Amino acid sequence: MSKKSPGDFIKQVLGRPVIVKLNNGADYRGILSCLDGYMNLAMEQTEEYIDGQLKHKYGDTFIRGNNVLYISAQPKK
Amino acid sequence: MSKKSPGDFIKQVLGRPVIVKLNNGADYRGILSCLDGYMNLAMEQTEEYIDGQLKHKYGDTFIRGNNVLYISAQPKK
Amino acid sequence: MSKKSPGDFIKQVLGRPVIVKLNNGADYRGILSCLDGYMNLAMEQTEEYIDGQLKHKYGDTFIRGNNVLYISAQPKK
Amino acid sequence: MSKKSPGDFIKQVLGRPVIVKLNNGADYRGILSCLDGYMNLAMEQTEEYIDGQLKHKYGDTFIRGNNVLYISAQPKK
Amino acid sequence: MSKKSPGDFIKQVLGRPVIVKLNNGADYRGILSCLDGYMNLAMEQTEEYIDGQLKHKYGDTFIRGNNVLYISAQPKK
Amino acid sequence: MSKKSPGDFIKQVLGRPVIVKLNNGADYRGILSCLDGYMNLAMEQTEEYIDGQLKHKYGDTFIRGNNVLYISAQPKK
Amino acid sequence: MSKKSPGDFIKQVLGRPVIVKLNNGADYRGILSCLDGYMNLAMEQTEEYIDGQLKHKYGDTFIRGNNVLYISAQPKK
């Protein structure tokens, strides 16, 4: 993973499946569609997992940046 | 969902039914009437759900942006 | 409810009975007297509800904006 | 209570007995001596109530603004 | 206590025994040595009380301002 | 460890195995790939530990700076 | 302890053993190597104590300033 800044990491996972962990403990899995300078992000085919259990399927979702704990690239299937 | 920025996602759901999750865990469902640059938003026909249970019907409601966790488009009925 | 911005919503409910929910979970019901750009607000005939139970009647109350979760118009009696 | 801004409310209660609720749930009752633009305030004859129980009598107390939930005028005895 | 601003209150208690309550609930008692514009403060002969129990004697201590709930003048012995 | 500023410490551990503790209590262990001025950081071969138990292996992960509690150099094996 | 500002206190303890308490309740004990204007600090020979129990020995550690509750000089052995 050649990266010079954390921003480069994010660019590499745009359009790819990711796990977004929020500071309320829930995970949001789906396609990272885009994000802005405040770390606000839009996801597609979003699934909400709480304690590893699928709770909701939301489709298009806007997530506010200041609650994001981490964004992790899902391994390619 | 063609979007270039998370803001575009929000524009696409203006006037449509959405679920707004706040960081106290409650969901607010209704019509997203408008929002501003601080993510403050006004909703119509608002319903408050706590742990999936309908608790209140509020009609017009102003929600302060810094408590918003995510905004998700409700699937069209 | 014709609104162009969330601020317009607030102007429409000035002087009217509202419910103000704070992020500590309590509701404050009364007449929304005025508010400023930081969402600090002054209320009259304020009643404090905790878990739906009336706890205190305060009369004039100043509420600090950064604890406000939402402001909802009380249906006209 | 004729007020044009929440700040006017505060001016009206300077020098009067108030209840100051902090976001840790405690109430501080006493004479509102003064406050500044950050909502930092100084109180005299301060009493600390926790769950409605008098815990301490402090006399002069400086309270930091960002923990203030609300300030309410105590009814005149 | 003649004060015009909360800052005046603090100047009056510099060099005197104070109780500093932090938003984690602990009290720090000792001599208020100095403080800066961010409410960072240095104390001497500092004692840490948790739930009213003396836990530690620290001597010189630097306390970060944004955790300060209130500063109260200890009554002169 | 000759350092003049905390930033120097971080430079010394770039590309090395580190433990990153977040304020939700979880540890993230892996190679510190890069970080920016907001303390946002990218890690490789990331492992998530909760209460000392390995929970997930994530590979490339972006962690938002404002949740970072500390970064500690892992002793070289 | 002659100090004019809290910053002077910190300079006096640079290179000396300190206890750094974070707002998650843990203590970090070690040599205060350096710190910057945001209260980010680097420590050497760091030991993590939780509820007074030694949990980890970390060596060089970078601690983010906004989680620091207080810094206290350890009495010289």
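A, B, C, D, E, F and G label the chains in the order they appear, each numbered from 1.
In this text, contacts are C-beta pairs under 8 Å (C-beta built on N, C-alpha and C of every residue); 3 or more make two chains touch, one makes a residue touch a chain.
Since we're looking at a predicted model, the values are computed, not measured.
Both chain D and chain E derive from one sequence, and where they touch, under half of the residue numbers involved are common to the two copies.
Mean C-alpha position of chain A lies 34 Å from that of chain G. Measuring from the averaged C-alpha position of chain E to that of chain G gives a distance of 19 Å.
In chain B, the residues touching two or more other chains are 66.
Read around the ring of contacts, with chain E first and chain G next, the chains fall in the order E, G, F, A, B, C, D.
Only residues 1, 3-10, 12-13, 19, 23, 25, 39, 65-66, 68-73, 75 of chain C touch chain B when the two sit together in their complex. The touching residues of chain B, when paired with chain C in their complex, are 22, 24, 28, 33-36, 40-42, 44, 46, 58-64, 66-67.
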